[in-house]
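The chains carry the letters A, B, C and D, assigned in the order they are written, with residues numbered from 1 in each.
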Amino acid sequence: MTKKAEENELGFGTKTSSQKTRLINKDGSFNIDRIEQSRLGSASIYHALITMSWRKFNVIVFTYFVIINVFFAGCYYFSGMDGLIGWAAASEKDKFMEAFFFSTQTLSTVGFGRISPGNNISSSIAAIESLVGLLGFALATGLLYGRFSRPVARLIFSKNAIIAPFKGGTAFQFRLANKMRNSQIIDMNCRVTLAKLETENGVKIRRFRPIELELKNIIFFPMSWTINHPINEDSPLWGMCAQDMKDADLEFLISLNGFDDTFSQNVNTRYSYTHEELIYGAKFISVFSTNSKGQTSQDLKKLSDYELVKL
Amino acid sequence: MTKKAEENELGFGTKTSSQKTRLINKDGSFNIDRIEQSRLGSASIYHALITMSWRKFNVIVFTYFVIINVFFAGCYYFSGMDGLIGWAAASEKDKFMEAFFFSTQTLSTVGFGRISPGNNISSSIAAIESLVGLLGFALATGLLYGRFSRPVARLIFSKNAIIAPFKGGTAFQFRLANKMRNSQIIDMNCRVTLAKLETENGVKIRRFRPIELELKNIIFFPMSWTINHPINEDSPLWGMCAQDMKDADLEFLISLNGFDDTFSQNVNTRYSYTHEELIYGAKFISVFSTNSKGQTSQDLKKLSDYELVKL
Amino acid sequence: MTKKAEENELGFGTKTSSQKTRLINKDGSFNIDRIEQSRLGSASIYHALITMSWRKFNVIVFTYFVIINVFFAGCYYFSGMDGLIGWAAASEKDKFMEAFFFSTQTLSTVGFGRISPGNNISSSIAAIESLVGLLGFALATGLLYGRFSRPVARLIFSKNAIIAPFKGGTAFQFRLANKMRNSQIIDMNCRVTLAKLETENGVKIRRFRPIELELKNIIFFPMSWTINHPINEDSPLWGMCAQDMKDADLEFLISLNGFDDTFSQNVNTRYSYTHEELIYGAKFISVFSTNSKGQTSQDLKKLSDYELVKL
Amino acid sequence: MTKKAEENELGFGTKTSSQKTRLINKDGSFNIDRIEQSRLGSASIYHALITMSWRKFNVIVFTYFVIINVFFAGCYYFSGMDGLIGWAAASEKDKFMEAFFFSTQTLSTVGFGRISPGNNISSSIAAIESLVGLLGFALATGLLYGRFSRPVARLIFSKNAIIAPFKGGTAFQFRLANKMRNSQIIDMNCRVTLAKLETENGVKIRRFRPIELELKNIIFFPMSWTINHPINEDSPLWGMCAQDMKDADLEFLISLNGFDDTFSQNVNTRYSYTHEELIYGAKFISVFSTNSKGQTSQDLKKLSDYELVKL
C-alpha cells in the first residue's frame, strides 16, 4: 500500500491540517462541523430519540402527551360540549378542563365512562383520538425498546495514556476495561491511528499514521486490557521527546470493536487521547490481586492510576 | 479468475444486452421486470408495510380501522340491537352509528361503558373484537418499530459523476457524504462496476467490468468522500472520449456497505450514474473550510458543485 | 486438508450410511431423528411459536384467551358473585357467563363498567387479571413482531436439477430466484455438497463431496441464477451414467447465504435435490425477454421449465 | 506470532497464576472478581432484567405493580377522597382500598368507571397514572420481547471430557449437541485453549495454550459433534499422565460460535472442563442408530455415556 492510501484509510482525508481542536470527542463523536444540505428525515428523529438522555426523553413524552390532549380537548370543546354526556361544569374554564380530562381518558384508552361521547361528532373525535393514542403508545413501546436494547460497548478507559518504560526502550500505553459486570464482549479488536502534524516543504500538514500494537485481538475480555505500542524504529513516535509531542499536536485515535454476548451484535467504540492527556514517563499500577476465595480480582477504581518514572 | 466469471460476479448475467434503460434506479432498486410465479406471502406484505411511505402507511392503518369497525358494527346490528344496553337512537341509521361507535370503543379497548353488551351474543362479539383490537395494535407496534428501526445508510451523492484531470491524466470521480448528523457509519466499503456495451463478433453485448478505486475502504466516515478511479491502461475507460462513452451506453453501478453505529447493524446502499449524468471535463469544488472554532467544516450544500475544465 | 476432514465439514459425520431417506427435507430442515435429553425450555417454545403456521398460531392465541378467561371467570364465580356489582342473571349458568364476559372485559382492559368489582377479593382478582392481560398482550406483541420480522431468504428453486450439455461435456445445473419482488438479497453465496454412497472394502459408505461451482458468489441478485457445476475429471460425478447416479443414492445438499437488504441481516437457506429429482439429459428454457419498456424481463413461472436433450 | 502473543490472545493475561478456582464457570461466565468503579447504568439494569430467571422477573414485575399502585393510591387518598366519585367505604382502611383498586384500574387502563375522578386534582393524577401505566407496559413489552428473542446457543455438553484411545495414540475428546429440536445452528466453529500451570524458573505460572482440533468447523449441526484433539508431539498434553494433569491444574477453555437460523444472528457460547471433569482412559458410547423409518437416529440421553478403557 502506498503512503497516501494509508493516510486516507482513516477517513479524515487531507483537509484537517488547520484543525485546532481534537478530532474525536471523549464521547466518541467526531469533532467536525457540518453545514446540512436539508432538514432531518424521520430516521434522523428516531436516531435522536434513541440516543438522547432519559431526562430529555421523558420531558418530550410528557410534553407530547399534554399537547395532544389540549388539541383534542379543543376539538371536543369547540365542536360543542353538548356532544359529551355526563360532565358537570359551570364556568367555561371548567368545561374545557372536563373536555381535557375526558381526552386524557380517551387517549390512554382508560375510558372511565363518567363522561362519554353522545353524538356522532364527539364519538368520531373520540374514535380517532383512541386510534392516535394506541399508535402513539405503540411508538413509545418501540422507542423504549430501541433505547434499552441498543448495544453499546460500555468501556472505561484510563484517564491518561502514558509513555512507559518497556523492555529497555519505551512504549505508548493506555488501559481499558468492560464497564458492565453482567455482559461480555467477545473477540475484541483494537486499532490505533496517530494524528500528527508534519512539516512537508515548509508547510505543516496533519498526517494519519497507523501504529502497531503488541496485541490487537483478544478472544475473551473479562479482565482489564493494557494496550501497548512499543516505540521502535518503525514507530511514528520514534525519537520524539515530550516537547516534540506537544509541537506535533498529537492525537491518538482509537477504534475498538467486538461482539456483545447479551445482544448478540457487533459493537463499536471510538475514543481518543490528545497530547494533553499523555503522561510522558509513567507506569500503570497493577489492578490485580487474589481474593480470599482464590479468584483473581481486579480493582477497576485503580484503572487510571500510574506512578511517574524517569525514562 | 477468468474473464467470464468476473462479468457474472455482479449478478446481472449476460441477458441484459438489449436493455434500453438504466439497470439500477436512483433509489437503489433494480430496473428489471418480473413476472411473478405466485401471490405474495406474509413476509412480503410485511416488507411492503415496512418500506412504503408514511402517507400510504397512515392511510392503510386508518382504512383498516374503519373497515374492521364497520364489520363489527354490522355484527352487533344484525345480531340484534337489544343485545346492547344504553343506546338511544330512533332511526335505523342512528342505531347503526351507535353500534359503530360502540365498536370503536371496544376495538380500541377504551370502553367508556355508556353502551355495553348485555347478552351472550353481543358479549361474545365484544370479547372477540377486543382480542382482535389488541392483536391489531400489537401488530401496529411491531410495524412502527420495524419502520423506524430499519437501518438505512442515508447517503447523499453528488448529482453528477465527472471525468476530472488527475495527476497528468484523467480520473472518474463522484462524491458522497453521510446524510445524518447524529449517526455514524464505520468501515465503509465501496465497489464500482462499469456496465458497457461492447461489440463482439459484430454483436453489441453489455459487459460488466469492475473498476479499480484509489481508495475503497475507510474506517471512519465523518467527512465527505471523493471516490476516485484513475483512468490508466488497465481501466475499461482508457482511451474513451465523450462520444465513445455515450455510444457504449455506460452505467456506473455502485455498491456501498458499512456498519451503522446507532443500530449496530450492517447497512448496504446501491446507486448508479449513467452516461447522461456524467460530466466530461470537470473538477469538484472543495466543500471544506475551517470555522471560527478551529474545527474543519464541510458545506454539504456544495457536494454536487463542480467547475468545467479542459481535459 | 485431509480427505477425512473434508467429508466431515458438512456436519453429517460418518453415521448416515444406512440412512434410507433424504438428508435435507424440501423445507430446509434436517431429516435426522432425535431422542431428546429433556423437556423443551422457554426459548424452544418461543422458537415454535415464531416458526409455526399462522393458522396454528391463531388457534393457540384464541384458545389461550378462552382458557384464561374461563379460569378467571371461575375465580370470580367461586369467590362469590356478590363481589361483582351490576350483573343481572337468574340461573347459575347465566351467572357464570356474566363472570366470564366480565373477565374478558378485564383481561382485554376494555372495562365497559356495566359490571364492576365491588369488594376487595373481586377487585384484587381484577387487578391481577388486568396485569396478566397486559403482559399477555405484551407477549403477543413480541411474538407478532418476531414472526413478521424474522428474515427469511425466500428463494424459489427449479423443481428439478438437471444434467445438461455444457461446453462439449456435461454439467449439473439448477435454477433459483428471489421470491420477493420488493426485497433484495446482496452478496449471495452458494455451496453444494454431494452425498454419495461409495463402496469401500466391500461396504457401502455415504461420503460427502463438495462440488465446484462455475460461479459461487454474486453481489446483486435481481435475476434468476443458474447454478452450474461442470462435470470434469475432478468432479465426483465424473463418468457416472444415469443408473450409477440412482445406485449411489445421490443427494445434492445446498447451502445458500446472503444479506437481506430490508432487514439488514444475514439469511441462510438450505435445500436439496435427490437423484429422483434429477433429470439426466435436459436443458433449461430461458426465462428472459425484453419488454416493451426496454427492460429485461424474467418470467419466473418458467423457472422449472426444461426440454429433454440427448447427452 | 511470538509465544507471548499467543498466550495473551485469550484475554486472561498473565495475572491468573495464583487463581485457585476454575476460570470459566459452567454457565459460561468468567470466574474473575471485580471491584466496580461506579454504580450500574441503565443498560446494565436492562441486561440484568433480560438475563435473570423467569421466577425473579415475574416477582419484580408484580412487586413493581403493587408499589406503583400503593404510591398512586396514596396520591388519591391524601389529595382528598372527595376528588373521586362513586366509592362507598366507611373506614379509612376501606377508603384507601377503594383508592388502591381505582389506581389498579387506571394504571392498567381497564377503567371500569364505577369510581371515577371528579375534580381537577384527581383527574390530573389519573391522567399521569395512565401515562405511567402505558409506558410501564410498553417497557414490559420490550423486556418480554428481549427475553424471548435473545439468541442463545443452547448447546448440551457431555458431562465429562475424556482422554480416549485414538489411532494408536490418545486424544482429548468431548461431545456436544444442539439442545433445540426446532432451530438450527449453521457454520459452527470451535476453539479450545488449555490453561495449564507451568514451572518457569522455579515459579508456577498459568499458561494458555491453544490446542489443535481434528475438525474445528462444520457447516451444518444436525447431529452430535465429538470434538477431537489428537495428542501428538505438538500437543501441550503430550507425555502427561493422569497425575501430571492434576498437578498442572488443567482447564480446557472452550469457545463456540455459529449462526442461529431462527434469529438470524451470531451466537456465542463458552464452556470449560477442569481436570476434575476429565476421565483419563475412556471411550464415548455411540449415540447413533437407524430407526424404523430409515432415518439416522441419535439418542441425546446417551451424550455423556462412556466406558472405561486402558490406555
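Worth pointing out:
FYI, a contact is a pair of C-beta atoms (placed from the backbone, for glycine too) under 8 Å apart; a residue touches a chain by one contact, two chains touch by 3 or more.
All values derive from a computational prediction rather than experimental measurement.
Residues touching across the chain B and chain C pair largely diverge in numbering: under half of the numbers involved belong to both copies.
With every chain reduced to the mean of its CA atoms, the largest distance from chain A is reached by C. If each chain is reduced to the centroid of its CA atoms, chain B and chain C end up 26 Å from each other.
Centre to centre, using the average C-alpha position, chain B and chain D are separated by 37 Å.
Shared interface positions of chain D, i.e. residues touching 2 or more other chains, are given as 105, 109-113, 141, 145, 263, 265.
Note for the complex: chain D touches chain C at residues 54, 61-62, 65, 69, 97, 101, 104-105, 108-114, 137, 140-141, 144-145, 148-149, 152, 154, 156, 179-184, 186, 188, 214-215, 217-223, 225, 259, 261-265, 286, 288, 290-291, 293-301, 303. Interface of chain A with chain B (complex): residues 5, 8-13, 15-16, 18-21, 29-38, 40-44, 46-48, 50-51, 85-86, 105-106, 109-113, 116-118, 120, 123-124, 126-127, 130-131, 133-135, 138-139, 141-143, 145-146, 150-151, 191, 193, 255, 257, 260, 263, 265-268, 270.
Chain B makes touch with chain D in their complex at residues 109, 111-113, 141.
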